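Structure record follows, encoded as structure tokens.
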Amino acid sequence: MVMTTPPDRIGTPEGTPAPLLDVRGLRYVYPGASVDALAGLSLAVGAGEFVAVVGANGSGKSTLARLLGGLEKPAGAEVATVCDHDLLTHEGRMNARRDVGVLFQNPENQLVAECVEDDVAFGLENLAWAPAEMLARVDEMLARFGLTELRRREPHLLSGGQKQRTALAGVLAVPRRILVLDEPTAMLDPAGREEVLAAARELRAEGLAVVYVTQEMDEVVGADRVLALEAGVVVYEGSVDGLFGDGDLVRRLGLGLPAAGELALELAARGRTVTPLPLTADDLLAALGGAS
Amino acid sequence: MSDHLGHVVERGAQASPLHTAGMALECRDLGFSYTEARTQIPALRDVAFSLEAGGSLALLGASGSGKSTLLQVVKGLDAPETGAVLLDGAGGGEAGYSGLQRQVGLVFQTPELQLFAASAREDVAFGPRRLGWTEAEVAAAVDEALELVGLPPERFGERHPYALSGGEQRRLALAGVLAMRPRLLLLDEPFVSLDPATRRELSAILVRLRASGVTLVLATHDVDLAWALCDELLLLDAGRVRAAGGWEFGEEGAGLLGAERLREPFLVQLWRRLGRDPRQAPRTYAEAAEALA
Amino acid sequence: MRPAVAQYYPGDSPIHRLDARAKFVAVTALAVALFLRDSFAGLAVFAAAGAVAYVLSGVPASWFWRAFRPLLWLVGLTFLAQVLFAPGEAFYSFWIFHFSWEGLAFAAFLSLRLLVLVLIGSVLTLTTQPMALTDGLAWLGRPLRRLRVPTDELALMVTIALRFIPTLLVEVDQIMRAQRARGADFGSGGPIKRARALVPVLTPLFVLSFRRADELALAMEARCYRPGIVRTRLHPLKAGVADALLLVVTAAVIAAGLLV
């Protein structure tokens, strides 16, 4: 499940354009809570970047996803600009909802309409698109996500993976500049997981800025950058390899490791350190073969 | 492992469930179908296998292969159309069969759906109460089960189920079944949508349960979990048995798994590539690390 | 499986192709007209119109029968009422039961009228997709917006409710099975005991639904939904000549039914 990095994306030499998403000191408190869910978080993402956000339950990742989508009002921030919209203003948040797409964890609770094609059209209907243009766009999205034969199917007859693909098609039917995915594969079986991951992989090749929130380490491979959250703040920001190289941090964050990584952590506990954490049997064998 | 069990035995007046012998299970030519959208869908066809008391069986297969249906027929929620389910050698209709069925515990997928009571204790007590135990026996079983799943009763007993996190709710639902002291435990995809930390902890709990003698049947997509917990496997495809028995890691075995889009367990693959005998591959990462370090 | 009255039978008959609004208006007008006059002759006219619509719709008889079946008890009740409180001369009496020709004829009329009503109503629901029907009703109800009635939002609510019915049925079944696996018994005991046995099913269902509502609302907002916005439709309602014809024919049938 390795995602390949397009070679000419990272580190563009000439003056990099202003980031699509620029957030500094972002705070959020749940009503009635005494502790900040987000306690001063900073993040900048440019067009075409694929940024992974990892963290345990309660670290603030889902809160972040909702805030980036303009779906919640921040408690405060120094800067909170998303696609030139200010998240601190009501109008800014409403506009952000158009430019930022958010895909949630539970496929069942994102589908509104009685059949696939109507659900994919839902966002466009809300934006008052003309029926003819809507139909063309819906056809395009259905084809793109392999849903054309299922277009009149009712949601309860779809598999988990199909539901999540339908939800994704519906989110992307509205032309977006940023896509935020909040643990999109958590409730899916392996087949469904693979379908959604494949779709996400295609997207990054298209220049969309992607923020991928997950608890599974094997889903962050190939990301340009990864942020690790703990108790509402960023405790690590950098390359994916860098995070894999810090076994203690990974263990502390309680992240889901692929089998090779779990084994490596057990080996480390017995004095045999394997760095960076391997993701596949190949990585592990190479490290073991080399180390001894 | 022994610490935990020792603790449980000390607290309870009744013998801990973990020290009761497991139940033997046999299925003979099971057939079952159901109607959906006016078509008859055969969910199980000629399913036959046997599992000795205290054994552990992994039920593998793609979505729709009949795993959940088989578990529900074994528990007795659905009567088979053909064939029979034998618990400890006794079939339906024989004396004592319903008593045996009550000793079969079934944990559904996303069992949090079954939580309804006002407190964790009350919810876990639901099952034991229906077994006709005295209030004292029920209370002991409830506390024991809560302790076992990692929700100490002093801290969690009076908490409201809906105020718990997803992982805690999953544990609570599991406790609700364990409190009934099952001798045969059926689990349907126990770790779906769980966070990694809870997955690890519940894995350890299941390992302990198995070691205590309870017969275990685990339906799952996760081949590595199946490998860690189960000595035998049953591979289902569209309601039919494709393979049954021990894990075979010859050409044919790997091929059978591959045909169902399942791979061999990671540790097995690793052992093979290290030039060691794949049939001797360790079951857990801890054991593997011991062998390699 | 949804109850028969709300079930849609996919097809491409002339009736299927009619605009939902025209069909709704026609059916409502016929339903009202049915009750304006007590006459077998008039009833025969409406029944004939219903039969023609049934034939044109191409929907199998078994689907209509599913709508009639639950009403048979009501028919029985009607006859019973007439037999207990018979107007006119009884030709045969037994204890409190009095059989009179007038009573029986009236019971027959009431029953047949009910069946014709269901026949006409079923033509509507069997040939009109729920979404089209709610859209149509929202359009027809537009004048109510002047009175601050949120017709579009209500229409969306109905659509969402219908969409989740099959899902909820599956979830109820799953919850009941899980509780049965814990020893719950839904079948035995008197009404109070049975009602109490449903608590372990209804409570989780409620919680599940509230949680669902929260998540769904968020997902809808993420796709730019807000109450009060003007929304276009992927499949807009389009009325044509056939619909105008339907209304004319309906008016003629009503006239005939009331004057015959």
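General remarks:
Read from first to last, the chains carry the letters A, B and C; within each, the first residue is number 1.
What we mean here is this: a contact is a pair of C-beta atoms (placed from the backbone, for glycine too) under 8 Å apart; a residue touches a chain by one contact, two chains touch by 3 or more.
In this text the structure is predicted, and so the values were computed from the model without any measurement.
Any chain bridging chain A and chain B, meaning touching each of them, is among C; the list is complete.
Comparing the chain pairs A-C and B-C, the larger number of C-beta pairs in contact belongs to A-C.
If each chain is reduced to the centroid of its CA atoms, chain A and chain B end up 33 Å from each other.
Here the CA centre of chain B is 45 Å from the CA centre of chain C. For chain B in complex with chain A, the residues that touch the partner chain are 62-63, 165-167, 192-193, 195-197, 199, 221, 224, 261, 266-267, 269-270, 273-274, 285-286, 288-290, 292-293.
On the chain C side of its complex with chain A, the touching residues are 129-131, 159-160, 162-163, 166-167, 170, 211-212, 215-216, 218-226, 229-236. Those residues of chain C that touch chain B in the shared complex are 1, 171, 174-175, 177-185, 199-201, 203-204, 207-208. Those residues of chain B that touch chain C in the shared complex are 37, 72, 75, 77, 102, 105-106, 108, 111, 113-117, 126-127, 130-131, 162, 176-177, 180. Put simply, chain A touches chain B in their complex at residues 56-58, 105, 159, 186-187, 189-191, 215-216, 254-257, 259-260, 262-263, 265-267, 269-272, 281, 284-285, 288.
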